Structures are given as structure tokens and as C-alpha cells.
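The same chain A turns up in both complexes below, where it pairs with chain B and then with chain C.
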Partner chain A sequence: MKTFAARRIRNLGMVGVAALLLVWFNGVMTTALRDTARASGWGLFAMICFLAAYNLRKKLPFLPLGASAKWLQLHIYIGLFSALVFGIHIGWRVPSGLVEAILATLYLFVFVSGVMGLFLSRSLAKRLTTRGDEVLFERLPVYRRRLQAEVETIVFTDLEESKSTAIAQFYADRLRPFFAYNRNFCQHLVQSNRARFGLLKEMQAYCRYLNNVEREMMTRLVTHVEAKDDLDYQYSLQATLKYWLFVHVPLTYALLVFALVHLLLVSAFSGGIS
Partner chain B sequence: MSNGPSHPFNFDENDYARPNQPWQCGWAAEGHACPLGPTRRGLCGSSHECIPFNSGRTWVCSRTKAHGGKCDEGPLPDGTCCKQIQKCQPKRGVLSRRGVLSFTVFAAAIALALIIVGAPNRQHLVSPGALTSQHSQVVDHCEDCHTGAAGGPDDWIRAAFDPDAALRQSSQCLRCHTELGPNAKQPHGQELAMLAELTKRRAEHTPVASHRSNPEVTVAKSLLSRSADSHTGLACATCHSEHRGAMADLKQLTNQQCQVCHVESFHGFSDGHPEFTAYPYERRTRLYFDHLSHYGKHFATAEAARGRNCRDCHKSDTAGRYMLVRDFESTCAECHSDQIHDDTTLGLAAISLPAFDVDALLKAGRKIGQWPRNYPLHVEAESTLSPLQGLLLQSYEGYSAIAASLSGIDLGDLQEANSDQLQAVESFVWMLKESLYDIVQQGHPEVHKRLTTVLGGHVSAQQITALANSYPLLMVIDMQREWLPALVAEVEAHRAGTELPPVNESLAPNPALRIQDERRESAMLASGWYLHGSSLSLRYRPNGHADPLLKTLLDVGVRGIVSSSGSTRAQSTLYDLFDQVSSPFAAGRCMKCHSVDREPSAPAHVNWHPYQPPLNQHKFTRFSHAPHVTLLRDDACSECHSFSETQSPADSVFRSDFIGSGWRPATNPHNFESNFVPMSKTACAQCHSDDSGRDRCLTCHNYHVR
Partner chain C sequence: MATLESIQRPERWAVPFSTDMTDADVDRLLTIEPFASLDPSRFKDKVTLRGILKNDTRLVRCRPGDIVVRQGDWGNSAFLVIRGSVRVELGSAADLPSEILGRQPVHRKSLFQILAQLWTNSDDPEVRDVANYRGDPRIGARGTGEQTRIYLQDVSAVLSKFRTATIEAGQFFGESAALGRTPRTATVFAEHPTKLLEIRWQGLRDLMRRDDGLQKHIDAVFRERALKSFLMNTPIFQHLGADEINELVTHAGFETHGQYDWAGSFKRLAQKGIDTDLRHEPLIAEEGNHTDGVIIIRSGLARLSRRHEHGHQTIGYLTPGQIFGLDEVIDGWLGNTPKPLTNSLRAIGIANVVTIPTRLIEKLLLEKADRQHLARGAAPTIDSLTNRPLIDTTRINSDFVEFLVENRYVNGTATMLIDMDRCTRCDDCVRACASAHDNNPRFLRRGPIQNNIMVVHACMHCEDPVCMIECPTGAIHRQMEGGQVVINDQTCIGCSACANNCLYNAIRMVEVRHRDGGFIRDREKHAPIVKATKCDLCSDQLGGPACQRACPHDALVRMDMRDVKQLTDWYTR
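Right, the complex of A and B next:
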């Protein structure tokens, strides 16, 4: 069985060879005064259609269209290869027409978001296993709410037992916003614990003003703060893994629309589809 | 998490998560999503925490363990759950939200696309970029260039499937670029047969050598040859890509692209380019100027050569491309004006009265009326006609027969002539008199009519008019009054068939005095028309360089140079006229310097001017002196133009390249030997080397040849 690294090297090697062949053959076509823009345009259009079809493939799992993993591999490497075809198609110039500029911008957004998605799916997936439990993304709000309820129970119990409002005050001021929402999205993305340690340090410093019962309560709250921070970590990474597609997929449809418009215009204005 | 797994996997300990469904329960985030969940349309579908089931005897609570298990209260007696659920506001799931966003973006993209292609100013919106500054000044609308652009998007769709659109668009280009000629879509704008001939000739003269060529060119030639396209025509867009900005270079082509179509390919100018053959001396100069004899003989003395250099006679054109020849006055006039103004020659005889053997005619009883005898006053009179007169007489009926009868007869000695010949001479005399009479009586219109009859179809109407108007009518009248005073009465009687008036011999003046007067007048008259009594002719001496009459006569006469088998009588007479004035010793000596070209594709013509490049001329090869002269010294012409060592200044003054046998002009401009050594590629390659960036094909070659 091939390792992941070996597969990556093999696929990248194939893309590299294909890229070299493409550059060379484009040079041959240019030398032969052939319409390289037309050839690369049709090639790019076919690639974009194939890449867009991956989303369709995922929606039709019952059809015998091959394993999704294979599709993903093709999606990744054809997507990378398409950047070279795109560069050749536009002649490595910044397009100056409105339709062409929109089309190029859309392609670049789709391509960059795809590369970002590839990077995120490779890096964030590993990091998800390093902190907290593996929780379904849809259930994260449930556990956040449950933690909040547990914390509020602790606080109200303390209020009754210690007859002191110190912890309740601290909860109202500092912990309630923390438990109410997903927090520190960006810091978790960059794997920063600064906010977590800041809050824990603050809780530790607050302990000097508490009696023994309250300190015990505070210790239990620290456990919940850590659990909530782990949930936020999971949310941040899982949301990122899901929401990059909010750029990649919609813009792909827009790209297809403008690719068709571009195809119509260049065919009508520069000599027909044939 | 610190307090155990937050994610129990037992089915009955969890809410039923439906991440793939578009709507999620609004209470899911609160941790108590209802078990049924929202409908597919996003409506809350639950009213109670469970749907009790009937066990047969009673209603039993069906609440799941994940939602707290069976409730203590149990269902109501009517079977409904006692735990009512507050209606939620269902929320979309992640996939659904992405789907909505995708649809929204998709719809927005279609809307934007429709706005762009449907907007009144859509032509600006769909333009892929600015035109070059030259085209943007003359092109207002897309359809000016794009045949498929007229109309709206529906027309665009039709045009998109038009297979001939590319060539049709090229026709739009050629509406303005008419200078490219009728074969503009063919390679180099030339006919395919001509290109094939050039290729064949190239292969014959210099065998195609194997050079180090670019592998891309080799593959492109073998796989993507455009030879088939050359038959259907090449679209302009094959080489020229527009909409790339105002400053874009539409003519940018690489050396490799040029070589794809050519039989022979090579690496660069300095590496494989064929050696020059006779460049730039591919034909003789239009003006006969022997550089060797001038520099080696005429300018040989220190005084004559003082300060002389190439720029004395040559100057660059305004573009600095060609080195042109300066005008006559600033170059040749210093030494050659006197040869044109030569009053030692008689000049050109326009009309002459041939020296007939009058006594023999009278003796034979021929009635010719008055005709001057050549002795004692007209001793230089010749017994032949001037070619100009011959032209006029050809318009008279019967001239051809008379001319045929007189062939081989010496008109000045008719002692041996038989009766028929004498009859022909008599007719000839009267035809001469009638032609002179017609000119005297009716003037230039008569001459014009006669010349048109003879020359129409051979020379232009303007040339006929110029020639007719150049006849000095008053001088002709003087000539008639002087030598044929009874001409009017005689011709009128002859035409009426009545008795001729008697000849009055007493009109003749004192011969000795008359000869003295004529010689004095002739010497005084250095130029222009004059009557030369000794030869009984009306003659002309040129007024100087570029004399209009001599130019007209030569331009008309040169049309007589045709293949001998196909020449008509008129052309033959034209050739006689040309022969009379084209000798390097004839009046004006025009043909001593001005050559005559006769190409298979064009009629013969006199080169009145040195080479003058036509405007917008595009030959296969181009060269501009300016950047080269700037780099070199002022007197550095010889760096490239060095004298031939096979010729010497002592060679014949009249080289056979220009003056042929019988002092007639040589007419083949390609049969020559240059004074200079042909240029070599090596000299050019010193600067135009592979690493200089100045060895592109288009540096020295044009694609569009016209």
C-alpha cells in the first residue's frame, strides 16, 4: 500500500511532467501560429467543468462514478494544473476587459480558496485530534449550552452555600460572555492559547479574595472553562473546514456562468466555435 | 473535556442529528431538539415531546431516553402527550446555507451577465480590452471589425457557430488595409504560384543546407504545418492580436514563427541564415553613372577630387532609410551641362523636305509642282524622312503602299528608276505636300488627329497631346513660305484635279548670301526650333536638362521597343523615332545617362529619375541607412560599399550594361555588373549577432510584401 507521501510525490510528479509538456507544446503551437488562446481556453473550460462536477459527484453517491477519494485526488491535481493553463490562456497578463476581469477574478478566488481549503483540510484535521473530544459540528452548540448550564448551577449553588456573591459577580462579569458564545475564533485557528491562559490566570488571581468553599467552586469552574475553550477550539477548526467551501463552491457556479458568457463572446467575435 | 466524553455515541442518548437535512430544530442549540425535527419546508413540525402509542389497554409515553425517558405524568386520556413543546424557529443547516448562498451567487452571476450583454452600451462592457492607438482612432463600433458583433446576443450565438467567421473578419480588416493588395490573405500577400516559384528558385540557386534549427520549429513544422491553410487564406488574427492595449505591438513575431512556413530553417541570422547573393546590387542603377570611372579617372586629379565624398551626390530621404541621388544641378551639371547645350550639332529634324531627284522626275514627265533642289542652297538635305514626319504620313491613305514601293530606292538619284517607281515617288511628293498643307491650314488639331490615328493604343492621350502641341506651327508656316511658297495653290489644284500653277524659279534668292545668313542664324540659335535651310529641315535643339520635348519624344518613341515579331508599322516608326533621339550622340544626349528598362511585365520606359522609393513600399527585404550611418563615420560608406576589383576605370566609357550595339540603349536592367562588391552577411552579423537582440527576421524583412 502506498503511503500518503509517496502518492503525493507521484501525483505532483505527474502534474509537473504534464506542466512541462503543456509549456513545451504551447511553445510549439505559438511557433506554429496556432490559436493557443482558443486551445488553452477550451482546455481550461473542460477542466473547470470537471472540477465543478466533483460537487455533483458528492450529491449522487448512488451512481457508479468512482470513489470520491479518487475524485478528490483528481480535483486537487487538475485544479493545480488548471492554474498553469489559466496563466497560458491569459498570456500572463492582467485582463483589461470587464467580462475577462470578472472571469479572471472569479477563477483566482476559486483557485486560491481551493488551495486554502486543501491546506486547511491537511493541517486542521490533524489539529482536531490534539485538543478536546471529537464532537460533531452540529452538536457543538448543545455541549456549549450544557456546559453553560452546569456552570450556572455551580454558581447558583455557591451563592446559596457561601452566602457570598464573589463568584457570581465574577461569573456575571467575566464568564457569562465566555460561555454564551463561541469565543476566540481566530486565536484557535492560529493555535494560540493566550486567551485561555489569560482567563485562567485571572481566575487564579481572583482566588486570593475567596474563602475555601468558593475556591473549591472556582476550581470546578476552571475545569469547565478549559472544557469550553476546547469546544471553541473544535468549533473554530471545524467551522473553518466547512466555511471555506462557502467561498469555493458558490464562486465556482459564478465562474461557470461567466465562462459560458466568455465562450459565447469570443466565439461570436473572433471566428466561431469550430 | 474534563468531565467525561461530551459526545455519547449511544443512539438513545443523543438527539437524532440530521446534518444533511436543510432545516434543523431551533431548540437544538439549547440541547433539547425535538425528535421529529422541522419539515422540509422549514416549519416546526412538533407540538408535543412525544407521540404516545396505544398499548392496547392504555396510552404509553414514547419520549426517548435522550429527551429524559418516559415522563411521570404520562399521556392524557385522549392519547395526546401532556408535555407541550413551544414552537421553535427552525434554522438552516450548514449544507443548506451553502446551497442557498450558491444559488444566490449563481443567480447574481446570471443577472450580472444578462445586464452586461443586454445593456445599451454592451459593446463597451464586453470589450476585452483597449485597441491600439492607431485602430482606436478609426474604429467606433465592434461590428466595424467583427462581422458577428452586429445585432444582439441572439446574433452572437449564430455567429459563434459560423465556421468562416475568422476569414470574414479579415475581409473587414482589408476594407481599410487596401494597401495589402488583392492577395492579402495569402502568405506574404503573394500568389501561391509565385511563392512556389521563389521557393523553387531558392532551392535551385542555393541547395538547402542543414542548419541547427530550433526543435520547436521542427516539431511545429511536422505536426502543425500551416501549408494547408495557405490555400484557404490566413486570417489576419493569425499573427495580429488586438485588444491588448493602446501601446501593444501588433507586429510582434518571433524568428521561430517566421520559419515555420519556410522550407529552410536555421537558428539565427549569424547562424545559418543564407549568404547574400547580389544584395543590394540586384539591378543596374537607373542613371548610368560609372562610379569607378568617375572616382578613378575624372576625379583622379587632386583638384577634381578635392572635398568630394559620397554625400556630394547622395542624401538620405526624410526617414533616413534610403540614400537618394541629389538633383542634376547639384551633381552632374558642373561637368555635363555643356554636352546638353551643344550647339555644334544640328539638332533634331522634326520636318524635312527630302532631297528628291527633281530633274529626273521632270524629265520623266512627273508633275510634282515646285520642289527645292538641293544644289546649291540645300546641299545637306537628305533623301529620307524624319521619323516624326513618318508618323504623320502613316495616317494618310496609301502611305503603306507607297512606302513599300519606295523601299530600296535612293530618292536623290532616280535616274535608274522605272515608271512605277517614279509614279510612287510622285505620289510620295504629293502626300508630303498635302501633309504640310494640312498642318499649315488647320494647325495643331490636324496634327493631333493624325497622331491619334497612328499612335492611339500605343501611347497615352496626354503624350499625343503633348507631342501635337510641341509642333511649332508658325515655324512650319515659315518653312512652307520659304521653301514651298506655292504649296497652297498647288495642293488645292492637285486635289481639285485642275492644272497646276506654273513654277516660279525666280523666287530663289542669292545662294551665297542665303547660306551665310542661315549659318549665322543657326549659330546664334543655341536652343529651340529653327529652320535649317542647308538640310531643308525644321530642327530643334534642347533647351537644357530635362527638355520637355525631348522627354516627350523619348517617352513616345520608347513604346516602339517591342519584340520584333509583334511590332506594327506604327511601333516600327516609333522605334525609328526613338532610334533618332536615343543615341548618346543625339541632341541633348539624354540616353547617355538615362537608361531604358524593359521588363517582361511592363512596357519599356525611360528612367528619367534615379531610384525613388514609392510611398509605403514593402519589399521582402528592408534596410535603413540612418541607424547605420549614425553609428559610423560620415565618410564610412565604403565600409559596406567597396569598389569591385574586377573592373577598372580604364574600361570602356560606354559600358555594355547601358549602351548596347549600334549605340542603342541596353534594356535589360538585370544584365549588368556592379561597380561594387556585393555585401556579405558577415559584415552585418558583426552587429546583428545572436546575443545582440537585433537579429530578428522582422528587423530586415517585411511580411506584407507589396
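Right, the complex of A and C next:
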């Protein structure tokens, strides 16, 4: 497969064909008054087990179990296909029992979080290359502290040299909280520059109260504010790319547990009816 | 205001090969052949015979069993036997085992051993089993630092088991590899106490220029031992018979362009900022000139460029075995008028090239080919002959190509590239690397980025591995099977020569520990034992590099930069 687009078309095509076959087969079986719930249930359970096994594959990178990228492709398209099997299994109705409802809700959450994860992986990765330097996630706090220390050096130098508290006051009021923590997480996520422009506007407006030396210092502070905002941008996007799995994976395990409970209950109360 | 500081202009012998060479040593050398019969007046004032012997040579005293050069080593010097004799392994079905040469045998873990990494990987960094350092009873090491020499404990056993030949006093060895910048083709070891003169390649080159006899001798040796097999393995000549190959061998020219120490000068250049006008790259053939033959790259790399406005645009690069100027020769032959070269060819660092005269190409290849077939454009071009086409600049941005060539990344046979548009920064690659190396990652996800492609600071397993040149024990070597550049932890003495030579900061020196977490120390000085570490392409694991296999998003690849088609396809996915 030479391009990602070609691979996507091929894989979607295969899933589409499989989905049509499944719908046709299910129609035939339903017309013949055969019970399809058992087959679709077992099929769905097998798919969920396989999808969950991807996390296990990631934990064993040294085993010759095939490339992770191939697993992810299977994970994505089997995941998509499982939605159809799930719909057929529950008969396209809202589940009524407690266990069924919990199980269906868990499935939907896992499915939606998976689709979201895929969307985030494909869109945020691209956006990370558009702003700021490439920084390792674990090193972001180090860079943030370094920027803060540089800013404080500028501010305290001003305090000593000009005997004026104008910049120090502005720093204490507006910039200290900005440099102390990661800021504007959600705004960066939706690509909004509102907070950045707002702060820069404030700094520009404050310049009217400063003398020439202080204005020069403010210009240096502007550079640091922009650098810190870029770090926040990197943090926001990289954290989202890391932490969405903390939703998807635990929900998957919960889904597996409830699926097992569902399986036991169904087996226990089926009364031998095939 | 900046102040100016004056220093003496650096000269050729500012750093001699050895500081131990005395005038008395030089006097003694001048009494023996071939130096005794050399005419000192044929040497330039600045590069005298005495100067060469004093600054470009060193005396090496070997004890029985000392390994002088190993097959596969990357050497930069030739040897002259002054006293005694050495044995050269002739190569047969039973080559000297890699352990005897101080190398790591190729050992792939079993499935169980791989699985066992789950519970056997250490919690502390860089843990080693001290028992491994007790060594192979068949070999030993003597000397310190860069003078360390691996020796065979039982020479007679080796002599009885393996086929060898004697190189007597007065004979040279290692000159082909030194001049051609190619791996040593045989292992040489001392049988008795032996005195050798090691001559670095610059000195050897100058001696050859001033002495016809030496020139003829080395020329003949090179043509017989190296050039013949090289031409026989070159795709366009593979169908030729023995007589025709011999004719090629007789008339082929060979020359070296660029600096042997290109890595050092490149590092200095890179610190100043890369010069983009290509002044630092020696011209092999210039666009617009008429060619008197086709040029085949024997070793090293060369840049193909074309004039563009007031500069030069890189349109590709040639790696060993690739051919330059063939299209022009074919066009000239078809039109009965010589055609000028459409591109320029420059050495990237260093390039050894073989030139085949036009008349021989016409006689041996073109006259036997179908003229109409050639005229229809079905000529044996670089693309079809080597299956390594030029870079398609309509598919790859030229600034990316310039970036790869200027930074010498095209030297890599397994360069780690990450498509940052697809990388989610999950670091699964780093974790996979760590888990395959006893919890020690052999790279960090860092490196320069161009066109959203990161070239990671991980060992690229270079085509021209400058890291191997000065290793005193041969611990860093290229595996015969697979070609990976690997380090034998047992014979690495921690001298840092490889790490200092590596252009890409891909080799790290680490202090090693016991299983209990404490540092392993040197028995005499109590200093921590240091070892060189780097990516080994997971050569002991099943399934290939763990980093590439662990990337979920197809963002990371280990790219053989010689395969331009693969690079282009990957870049334009």
C-alpha cells in the first residue's frame, strides 16, 4: 500500500463489504426465525477481546507479534465493524435491564472514546508541528521553570536598576500566575489564541505607564510570554494525546468484566434453548 | 568591540600520527627498503620524505598472537613489516571465529529468552554480568587506552586450524583498505615478535606520488585484489567475460576525492554553520564539461547537483556501485558527438571513484547493444541498472534533499526518521527500545526536524562508519550477517574514540553496574568502568528493530538512505 489514502480506502472498502454481508446474513437468519443473538454475542465478545489485546501487544514490544501499526489498523477497523455487530446484537433498541444497560453504555463509551482518540491522534499530531519547539513532554516543566526564572531575573533587575515597581507590579498581578502553571489548556485544544492576544494586548497597553528602559524590558517579557504560551500549547496537545488513553483503556477493562458477567448470566439462565 | 586573536595557521603535521617517532627512528627507516632507494629530492619542500616518516608513521611492536588488523575493520593506515613476519588469514570455509577477533558473535535470542526479558530486565541502568568480562580464554588484551591490543592466546592452535600465509619483512599489507576507505579484507596477526611500520593513508598517498615503484606496486595490488572483484560485481559489467573484465581492470582509473578525515572537518564546519554553496565539497565532475568516461562510486558518497540561478540544486546522491555520466556517453555515442555532463558530481566527505574510459564503454557495452533500443530511451540508465533512481524532486521538496545531504544523513543505512505529522509523542518507540535492551533506551526521541521529518539522534549504521576507524580493540564492528554496526561490550575498553568520531551523537559512554546496582570498578584505580553503548538495531531480538515495530502510527521508520525509491515512497505516503 503506497499511500495512507489508498490504505484507508482499501480498509474501509473491506469493512463496508463485510458489513453488507453481515446485514444480509442477519436478514436471512432472522427471516428463517433463527436466533442470531448468540452468534452475534460471541462474535462481539471475541472482537472485544481482540481489541483489548492490543494493549497487551503494546506491553510486549520485544515479542515478534507483528508491527504495532498493523495491530492499530486492525484495532480501528475491527472496532468500527464491532459497532454494527453490537447494533445487531442488541436489536437496535435501548437495553432495558440494569446489566444490559451498563454493558451497552460501557461499549458506547469505549467506542466513542476510541473514535475520539483516533481523531485526536490524527489531528493533534499535525498541529504540534505548527507551533513552538519540539519538546519532550517530561521536559516541559523544566522549560517552564527556566522561562519563569528568566522572567524573574528581568523583573528583579528592573526593580534594582530603575527603583520602579511598575514592571514588578505587573508581573505580580498578571504574569506570575501565567508563568507558574500550565495555562489555557482548553483554549489551546480548540486552537484559540484569545488568551495569548489578550495578555499581549494588556502588556502593550501597560507600556504607556513605563519609561523607555522599562518598555525595553517589557518587550523582552513579551518574547517570554510568547515562548511560555507555545509551551502551554505543546503541553495541552501532548497531554491530551497521552491522557485520552486513560479513559479508553480502563473503560475497556470494565467492558470486558461486564461482558464476562453478561456471558455468565446468559449461560446460566438460557435454560438450554439454542 | 570584538578583539582579534592571532594563531599560527594550522599545518599538515600539526598533529603527528605518533609523538613517539624520533629522529633516530627516521634515520633507521631511511636505511631500509623501500625508503633507502627513494630519492629525497623528488619530495616537495613542505612534504619531505623525512617529514612523512616522522609525522605520518609510527612503529608498532607486536608480540606473538597480537592481532594487527581484523577482517571487516575500518582502517586508515597500511603496514610495512620491518622485522619478523605476520600471518594473514587466507579465508576459507572456516574463518576465524568472531570471538577470537574480539567481536560479539551473532546471537539471536530464543523466544523464551525474549519473553524472559519481562522479568529479567534490570531495575538499575546499564547493569552487566561481571562474569562476561572475564573474557574468552582464547584471547587476551594488553596495553592501555588506544594502544590496547587484542591477542590470540594460542597462536599454534590457530595456525593448525586455519589457512594462513606469511607476510615477510619488507612487504606491505592493508594498503587497499587504507586508500580505498573500505573494510579490511583479511585478519592479520603476529606469529613471532614483530616490528611494523604503520603509515597513515596521507603519508602512503604522498609516498606513492614520489615513488614510481611503490605506486606501481600498490596500483597492481589494488587492481588485482580489489578492482577486479568490484568491477565484476558492478551490474553493467556482470555479463562480461574474464578477458573483457581484465581489459577493464587494466584501463580503469581510480582516485580519491575529499578528505579522509571528513568527519572531523564536518564537525568543525557544522559548528560554524553549514556552508550551502558547496565550496567544501570537492568536485569530481562538473556540469557542462565533456566526459572522458563513466564514473562509478566505489566507496563513500557523492552529491549530484545542477546549476540553479546563482547556486546549485541537489538532485540526488550516489552511493557505492552507482554510476555517473553513462547517459551522456550513450547520447554522445548515438549522436556521434560528445555530450557535456548535465549534472555535477561532488564528494560528500570522501568518495573513491573508478573511471572507465568512454571508448571501453562503447566497445564493451554500447556496440553490442541494439542502437534503436538505446535511441528509444531504453538505455541502461542509472535507474534501471541499480534500481536506485535519482530523487524525484517533484515528489520530495528540494530543501529536504539538501538537508539530508548537507548533514550527511544520506550516510545512514538505518537512519531513524519520524514523520512528526503522524507521531503522537507516545514514546512507545523509546519504551520498546528500553525493554529490548535491559531497560536502557539506546536513543532519545530528539533530533533536527526538516519538513516535519525528524532525523533522530540514533545510530544510523553508516555506510562509511567513521566511528569504527580508531577503535583499538575492534569492539565496534560491522556484523558480517546483516551489516549492523555493533559494539562488543566485553572488548570495549571505554576509550570514547567511537563516541568522539560519531557525527550524530549517537554513541553514549555509560558507567556500568553490578546486578546489585553498584558501579563496576577498575581493580587498580577504582574508577568506574565505562562502556560505549548505542543502537544495535535489536540484532539479538526476533523481528527487527523494536522501535519501528512499536510505532502504532507508522510514523517511525529505519530507512536505508541508499534506497532513494524507498525514501521517496515513504516521504510521499
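Note that the second predicted complex is superposed on the first by the 269 of 274 C-alpha atoms of A that agree within 3 Å, B and C clash if a C-alpha of one lies under 4 Å from a C-alpha of the other, contacts with A are read in each partner's own complex, and residues count from 1 in each chain.
Everything below uses one rule, namely that a contact is a pair of C-beta atoms (placed from the backbone, for glycine too) under 8 Å apart; a residue touches a chain by one contact, two chains touch by 3 or more.
Because the structure is a prediction, the values reported are computed rather than measured.
After overlaying the two complexes on the shared chain, residue contacts for A:S267 are found with chain B alone; chain C is out of touch. By the touch criterion defined above, A:A69 lies against chain C but remains apart from chain B after alignment on the C-alpha atoms of chain A. Look at A:F137: by the touch rule set out above, it reaches both chain B and chain C.
Judged by the touch definition given at the top, the superposed model places A:A205 against neither chain B nor chain C.
Contacts of A:P61 after superposition on the shared chain: chain C is touched, whereas chain B is not. When both complexes are overlaid on chain A, the residue A:K242 reaches chain B and chain C alike. In the superposition on chain A, contact is made by A:T3 with chain C only, not with chain B.
Of the two partners chain B and chain C, more chain A residues are in touch with B.
In the superposition on chain A, A:L124 makes contact with chain C only, while chain B stays out of contact range.
Within chain A, the residues touching chain B in one complex and chain C in the other are 134, 136-137, 242. For chain B in complex with chain A, the residues that touch the partner chain are 1-3, 5-7, 14-15, 17, 19, 24, 28-31, 33, 93-94, 97-98, 101-102, 104-106, 108-110, 112-113, 116-117, 125-130, 142, 146, 148-149, 153, 155-157, 159-166, 169, 214, 216-217, 219-221, 223-226, 235, 237-239, 243-245, 254, 256-257, 260. Those residues of chain A that touch chain B in the shared complex are 24, 27-35, 93, 95-100, 102, 132-139, 141-143, 145-146, 149-150, 223-224, 226-227, 230-231, 242, 245-246, 249-251, 253-254, 257-258, 261, 264-274. Residues of chain A touching chain C in their complex: 2-4, 58, 60-64, 66-69, 71-72, 121-122, 124-126, 128-129, 134, 136-137, 238, 241-242.
Against chain A, the residues of chain C that register as touching in their complex are 111, 114-115, 117-118, 420-428, 431-432, 435-436, 444-446, 449, 452, 454, 538, 541-543, 546, 548-555, 569, 572-573.
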